[in-house]
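Two complexes follow with subunit A in common, the first pairing it with subunit B and the second with subunit C.
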Partner chain A sequence: MKIPCPLCGPRDRREFYYYGSPDYLSPVAADADLDALDNQLFLRDNIAGQVQDLWYHEGGCAAWLKVTRNTISHAVLGAELVMGAQAAPKAAANAAPNPAAKPVSAAAKPAVKPAPRTVAKPAAQPKTPKKDA
Partner chain B sequence: MRIDGRGLIDRAKPISFTFDGKRYQGYKGDTLASALLANGVRVVGRSFKYHRPRGVLTAGFEEPNALVEVVGTTNHTPNVRATGQEIFEGLVARSQNRWPSLRFDILAINDLATPFLGAGFYYKTFMWPRAFWEGLYEPIIRRAAGLGSLSGKHDEGQYEKSYAFCDVLVIGAGPAGIAAALTAARAGADVILCEEKAHIGGRLLGDMPQLDGKSAADWLAEAAAEMATLPNLRVMARTAVTGAYDGGVYSALERVGLHRAPRADLPRECFWRITAAQTILAAGALERPIAFENNDRPGIMLASAVQDYLNIYGVAVGQKVALLANNDGARRVARQLIQAGVEVLGILDTRSDASVVEDCPVFLNARITKTKGRHGLRHISGTHLNGEFSFDCDVLAVSGGWNPMVHLTCHMNGRPKWEASLSAFVPQADAIPNMRAVGACNGDFSTKAAFTQGAGAAAAALGDLGHTPAPFTAPDCEDAPYIITPLWAMETSGGVYARAWLDFANDVTVKDVALSAQEGFVSVEHMKRYTTQGMAPDQGKNSNIGALAVLADSTGKGIPEVGTTTYRAPYAPTSIAAMGAGGRGMGFAPQRFLTSDRLSRDRGAPMIEAGLWYRPSYFPKAGEGDWQTSCNREVGYVRSAVGVADVSTLGKIDIQGKDAAKFLDLVYANTFSTLPVGRVRYGLMLRADGYVLDDGTTARLGENHYLMTTTTAAAGLVMRHLEFVHQAYCADFDLRFISVTEAFAQFAVAGPRARVLVGSMLAAPLGDLPFMGVTTAQISGVAARVFRISFSGEEGYEIAVPTRYGEALMRDLISRAELMGGGLYGMEALNVLRIEKGFITHAEIDGRITAGDLGLGGMVSAKKDCIGKRAAQREGMVHENRQHMVGLRPLQGEAITAGAHIFAQGAALTREQSQGYLSSVGYSPQFHSYLALGFLERGRARHGETVMVVDRLRGINVRAEVCDPMFFDKSGERMRG
Partner chain C sequence: MRYSGLKVLAEGLRGNKGWGAAWRKPDPKPEYDVVIIGGGGHGLSTAYYLAKNHGITNIAVLEKGYIGSGNIGRNTTIVRANYYMPGNSEFYSHSLKLWEGLESELNYNVMHSQRGQLVLCHSDGQRDTLARRGNAMINQGDDAELWTREQVREEVPYLDFEQTRFPIYGGLMHWRGGTARHDAVAWGYARGADQRGVDLIENCEVTGIDIVDGIVRGVQTTRGAIRAKKVAIVVAGRSSQVAAMAGMRLPIESHVLQAFVTEGLKPVIDHVISFGMGHFYISQSDKGGLVFGGDIDFYASYASRGNLPMVEHVMEAGMTLMPMIGRAKVLRSWGGIMDMTPDGSPIIDKTPVQGLFLDAGWNYGGFKAVPASGWCMAHLMATGHSHEVAKRFRLDRFRTGHTLDEEGTGSQHNLH
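On to the complex of A and B.
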C-alpha cells in the first residue's frame, strides 16, 4: 500500500505510523462532560468503505497526514497535511468546547512536486471486487 | 532413453548427480526428472498416504509425484519438484516418504488397508481407548504424516530480497508473453518479463510449432536476440510471480542459485516485490489427467509432458507408447513421437466422433478398464467403439484437456468463470486492477491467438500509460480450434472408483470425493478439507477441476454452481528464508551503539538490549565471582566516591520558539513557562486518556530555548506525540523542535566526589551551579553542557558533548574517577541506586498508572490545562482504592522479584485477593536487603503495615514491610548539597 505524502510523494506504507481516527484532531475540552469525553476518547465508527485516518510519516518528513482510503477496495484516495488543513485551533486551555474541526480545503500544496517515475499515469481506480455473501 | 538430434540440452556438458545414493549422468539443461527418465528410472517416489510407487507425471512445476529432497552444503530442502530442479555437478537428491528404500517401502502396507484409510478416516478412528491417544496414536500419526524431512539445523543459505518497478509487467514468456513484452518494449515502456522456467518460450519449446515457416527454436532465438538489445526490457528467467497484491504490487521468487552448485557468495533465491503500472498475464495453461483405475502407475504421464521430454530434453520416456485423450491436441504428440522413431501403439480417444486418420491405430469411445505394472506400467486394456483393446506398453500419455492458469487473477477475492465450451475455468476480466489475461490462460489455446492477444493487450496497456504502441506482427502459425469432449473419470471395474486418482500428491481418489458428498460435505470448500484434495504442495494444480467435476456429478449440480475454492498466494511454494532475507540473527533489527560501547565490551561488560541500544549491565573485575558482587561494588562507587555512566540513550529533544514555553505547558502536567533560564525541572507528561505517558527533565537554555529529555524506550513515542500535538493543536505556534538524541553523548558523574571530578575537567571553575541547574562549559576546548541533576540520589552531574567527542570524554572521566576511588557503573547498579531513592522508570510507568498513583498528583497544575488533564479527573482515575506506589522491604531482607503480587497477611492467594504487585526490585548493599517499588491498594495509608509478597512462579512467599518508596535521605540533602 502506498500513501501519497503531500511533501514526499507516494511512499510505502511502512514509512508511516498508523494512529487512528481523525477524531483525535479535536482535543478534549477542559470542561467536557463525561459522556462527551468518553465518546471523544473511545467511541469510533467502524466503517467498511471510505474512511479517514491519521498517519505519521515517521520514516520520512514527520508530517502528520489525514489519509482517505477505502477499506473494501483498498484504494488510497488521497492524503492531506494535518497542519495547515486545520483552521488553527487555540490550545484547549480555558477555551469553550472545540467543535470537531473539519478541514476546509483540499490537500495542502506540496512544497516540492515529487519527481514522477516512468509511470506516466496513476493506476485507474479499481472496481470493488466481487464479495462472497 | 536419450534420443539423438533432439532437445535443447547441451550434450557437450555432461553432468553427474546422485539419486538415492546412486550416480547417474545427464546433461546441462536437464532437470532431475528428465535425467532420471533418460536413465530409465521409472519410480521416483512413494505417494503420501498409501505409499504407492509413483513416477514422473509432468514436465513442470505442477508435478505432484516426483517430490525429492535435495541435500546441499547449507540446506536440506524437502519437496523439491524433480521436474523443476535443474541438475548441476554434484547434485545429491533423495526420494521421500519411503522406508527403508524406494523399491521396498514397508508403509506400502497402507495400500492394503485402503478400505479403512479413505478420506476423513481420521475423523472416525483413533478414538478408543483414550489411553492410546498420547502414547500410541499421536506418535504414529506424527511419524506417518508430513512429506519430506528436515535437517533440524538452521538454514545457513544465502538469500536476498529486492524491489523492482516497471511500466508493464508480463507474467509468462510463452508466445503471448513474448509478443506482449516486445510490443511494450519496442514502444519504449519500461518492461519486466518474468518466466518461471529456465528458458523463455513456454509451450513453443515443447510443442515446436512452425512459425513463419521457421522452427520455433529459430524464431525464439531471434526474439531473444532482439530482447537483448532493448535496454528497457528486463527478462527475468527462473522467476515465478507468486502473488498479486494491492497497488499493482506482485511478489516473485527468483531461483538465483538453486540450479548451480552451492557457493558461499551465491544466493539461493531472491524474493522480489515488483510494482507495475500495467500487467499482462500470459501464464499459459496446464494439461490435466483423466481418472481411471490405477491411473497413477509409473509411466502414466501427461501427453504434453511426454512431448516436453522429447523435444526439450531429447528423452523418449518409453519404448512403447499409447495415448489417451478427449481432445485433438494429443494427436500432435503422437505424430511427433512417431517421427522420432518411438513406437506408438495407438491413440485411445474417449470421444465417439473424432477422426481416425493417423499414422497409428485410433480407437474411439475408448475406456481403460485395467492396467498392470505396479513399479512401472506394463499393460493396459479396455473397451472401445468396436470391441476391446489390449496393449503391452510402458508409457501411457494422457490428455484430459487444458486448465488456464487463472490463479493470479483470483488473488484479490475474485473467482474464475466457467466456460462450458472449453470445459475449463477462465479469468474474469478486471479481477485485478490493470491486469489483462491473454492467450492460453485466457482460454484461447491456439498459437496464433497467443501472439495476437499478447500484442493486443500490450497495445492497450501502452494506451493506458500514454505511450504510442509499436507494431508487432504475429508470425504465421496454426490457429486450430480447441475441440474437447469432457471426460473426468472412467468407471472402474465394479464401479467402485476406489483406485481412480484425482489428487496424486495427497492420494485422493474419485471415490473419496463422492464419499465427501455422501457424508454431507457438499460444498467445494468442505470437500477440499474433508478429502484434503488440493492441499498438497501442488495445491491441486492437476486435480482441482477434476475433483469439482466429480463433486458436481455427485451432488447433481453443474460445475459452475459448485465453483472453485479460493486461490491464494503464493502460487509457488516460497521459502520463508527468501521472504525474510537479511532478517536472520543480527539482521532482524537495527542496532544502536553508544560511543562508550567499545570500551565497555573491552572491559568485559555484558551488554543488554534497551530497545535497539546496547547498554552495559555491569563491569566485572578480576576475582569477582558473580554479577551481584560487581553491582554492589559499583553502587558503592556512587554512594561513597564517584561513579561514571553513559546515559546517552535517553531521548533528547531541542525545542525552540516564542511559543516553546506555551507548548511545554500544554504537553506537561506541570508548568514550564515559569522555569528560569539556566534551570532544569522534572516533568510529567500525560496521555490524552489521563494516564502517565512519560517523565523526564527539561532544561531551559534560553528565553525561547528548551532541551527536553525522555526515557530511552519512549523517545520515539514522545517525539511522535509532540509532533502530533504541534501539528494538530498548535499549528499556529512559533515553534520548532528536533530530536538531538544522537547529536550529544551524555555521561552521568555521581557521588560525593562528583563535583571535584567535574571541576577538574572544566576550563573555568564550576562555581555554584545549583541543584537542577544547567550551564555551558569548555572541556579541553570542546563546548559542553553541564546539568546538575541526579538519578542516583547523590550529588550528580551530566555532561553533554557532541557525539564525536563522546568516547574521549568517557575515557577521561573513567581514569579520573578511578584515581578517586570510583569508576564505571552499569545498568544493574543504576537500577539499585534509583530504587533506593524511589525514582521511577517505565517499569512503574506501564500505561496503567496515573500521576496520583505515583504520588505526583500535585504535579498536575491547577492553573492551566494540559493534554490528559480532563481525562485524569475521571472518578476511576482518582479513586481512593487505587494502587499507590509504595516501597517494600522484606522483613528478613530475602530475595523478592518484580512481578510478585502483594497480599494482606492471611488472605487467600487468589487473583481476587491480590492487592498489588512489585514493579522493580534490587539488592541494596547499604540496607543488606532486597528493596522493591510496587503498587498497593491505598498504599499511601498503609506505611508500616506488614504484607505478603508472593511469586508462585519462582516459589517466593515472604513478609515485607510497606514503606515510603524513598528508602533514605528523604530530604534529598545528598543531591542538593
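On to the complex of A and C.
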C-alpha cells in the first residue's frame, strides 16, 4: 500500500500514521452541546467503499494528508494536504480580491543569477551478473 | 439427536448412516417474535439463551453467508478472563464460567482447553501493571499468578531470555485461560438453538430495517420481508452498515485484523503466550498448527485481508519472542473486520429505535465473549433491562463520559 504524499511522492504505508475520519477536521467548540461533540469525536459513517481519511507523514515530511481510498479494495485514489484544503475555503470567501495583496504564486526573482551546475556523467557501470534464481 | 460416546459406537457399527444434519435449513417465515441480524458467535448465542433462559423460541437468526463464515471462523481462539476495569472484569469472568460448562450445556465438543494464558512483561512499570491486573482478577474471583523471570523460564524455556531489546521481566499466568475450537462454538450454539426451535436462515442478507413512528416493525432481506417485534443487530464489523439502515451512526470504525496459522508441528507450545511489548499472541491448535496474530493494520478496512507491513511486524514479534518457530512454514493468513470503539469496550444496549437492540463494538476481543454476550443480550431483549455484568456497555457512554478505556490509550478508535 503506497500513500501518494503531495510533497514526497508515493511512499510506503509504513511511513504514515493513521488517525481516522476527516470528522476530526471540524472541531466543535468546547462548550458545544453533547450531540455535536459526540458526532465529531465518536460517531462515524464508517463506509464500506470510497472514503477519505487522515494520515500523518510521520516518517517523511510530517504533513497531514486527506487520503481518498477504497476500504473494500484498499485502492488508494489520491491524497491532498490538509493545510491546502483548509486554506482554500478562506480564499474563496473573499469576494473582491484585494489589489494590494501580492499574489502568493509569484516567484521572487533571484538577485544574482545562480551559477550553472555541471553534472559529471557517471562512469559506465559494469553489468551485474545474473544471479541464480 | 443427542451426541454421546454410545451414539458414536452405535453409528460406527451401522456404517454412520444415522447421523442427521446438525441444524435444519428452513425457509424464513413472514413473521417472528425476534429477528437476530447476524449468525455469528454472538448472534447464535443470543438466540440460544433467549430460548434456553427465557423460553423465547419464535426466533429467526438471519445470516448473510453460511454459519461460521464471519469472525467466529477467523479468530485466534483465545479464551480468558483477565480484564481489569470494573464493567469489563465481571463480564469476562461470567463468560469464562459459561465456557467451563459449555460442552455439557451444548452437548457439543467445543474443545475448550484451559491450558493457561501467560502475559509477559518487559519493564518494572509493566510488571506493576500486571500485578495490579492480577489483583483485580483475584478480587473478581478468578485466578492469577505473578511470575518472576525464573518462574517464566521454568515453565516456558523456549522464549528468548537473552535478548535485551525487550527483556523478559516476568509474567502474569492465568491458568483458567486457554483456547477453544472456534468453528465448533458456532456449530454447537447453532445446533443448540435449532433444537430449541430457532430458525437459522443462511444466505439471507438484510437490506433494510422497517421502522414506523420510531418503533421497529421488521426487516427487508434478500429472501423476503420478515416482520418482527424485536430486532437485534449483531454483525460485528458491519454494524455501521446495518445501523445505517435504521438511520443511525455508531461510535464504530471497522478495521482489519490479520491472523496466521503454520503447518502442523509436534506439540511445542503448551500455553497461550502473549508478548507484552509487540502485541503478539500465539498458541498451538490440536491439529499442530501455530495460531498467532498481532495488531490490527491500523487503517479502516472492510477487505477481510491485510497488508505486508503488519505481516512483517507480527513475524518480527514472534521471532523476537520465540526464535524456535522461525523454520515453521506459514500456511495461511487471513483477516476479519473488527468493530473498533473509541474506548475498546463493547456495546450491549437498546437503540433509540424501540424494539431495536445492538450488540457490537467487540474490537478484536469478541471470541471469549461469545457465551456472556449472548447471555446478556438475551437478558436485555427478554426483560428490557441490562444484565448486571453488562450494564456498563452503553451505546451512549462516549457521549456521557462513562467510557471503559481498558488499554488506557485514549479516545481514538484504532488505538484499542
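Operating definition for what follows: the second predicted complex is superposed on the first by the 85 of 133 C-alpha atoms of A that agree within 3 Å, B and C clash if a C-alpha of one lies under 4 Å from a C-alpha of the other, contacts with A are read in each partner's own complex, and residues count from 1 in each chain.
Everything that follows uses one rule, which is that a contact is a pair of C-beta atoms (placed from the backbone, for glycine too) under 8 Å apart; a residue touches a chain by one contact, two chains touch by 3 or more.
If you're wondering where the values come from, they're calculated on a predicted model, not measured in any experiment.
Student: Between subunit B (first) and subunit C (second), which, if any, makes contact with A:A79: first, second, both or neither?
Tutor: Neither: A:A79 stays clear of subunit B and subunit C.
Student: By residue count, is subunit A touched more by subunit B or by subunit C?
Tutor: B
Student: In the superposed arrangement, does A:D53 touch subunit B (first), subunit C (second), both or neither?
Tutor: The answer is second: A:D53 touches subunit C but not subunit B.
Student: Taking the superposition on A as described, I'd like to know which of subunit B and subunit C A:G20 touches: first, second, both or neither.
Tutor: second
Student: Go through the superposed model and pick first if A:D31 touches only subunit B, second if only subunit C, both, or neither.
Tutor: Only subunit B; A:D31 stays clear of subunit C.
Student: One more residue to check, A:M1. First (subunit B), second (subunit C), both or neither?
Tutor: A:M1 sits against subunit B and subunit C alike.
Student: Who does A:A62 touch here: subunit B (first), subunit C (second), both, or neither?
Tutor: First partner only, subunit B.
Student: Go through the superposed model and pick first if A:L41 touches only subunit B, second if only subunit C, both, or neither.
Tutor: Both partners, subunit B and subunit C.
Student: Do subunit B and subunit C touch any of the same residues on subunit A, and if so, which?
Tutor: 1, 19, 34, 37, 41, 74
Student: For a test of understanding, state which residues of subunit A touch subunit C in their complex under the given definition.
Tutor: 1, 12-14, 18-21, 34-35, 37-39, 41-48, 51, 53, 55, 69, 71-74
Student: Going by the contact rule at the top, pick out the subunit C residues touching subunit A in the complex.
Tutor: Per the touch definition, subunit C meets subunit A at residues 238, 240-241, 244, 249-254, 298-303, 307, 309, 342, 396, 398-400, 411-414.
Student: Mind pulling up the subunit B residues that touch subunit A in the complex?
Tutor: Interface residues on subunit B, with respect to subunit A: 165-167, 189-190, 246-248, 277, 412-415, 428, 430-431, 433-434, 464-467, 662, 665-666, 688-689, 716, 720, 723-724, 726-732, 864-865, 867, 869-871, 874.
Student: In the complex formed with subunit B, which residues of subunit A make contact?
Tutor: Its residues touching subunit B are 1-2, 17, 19, 24-25, 27-32, 34, 37, 41, 54, 56, 58, 62-64, 74, 76, 81-84, 86, 88-89, 91-94, 117-121, 123-127, 129-132.
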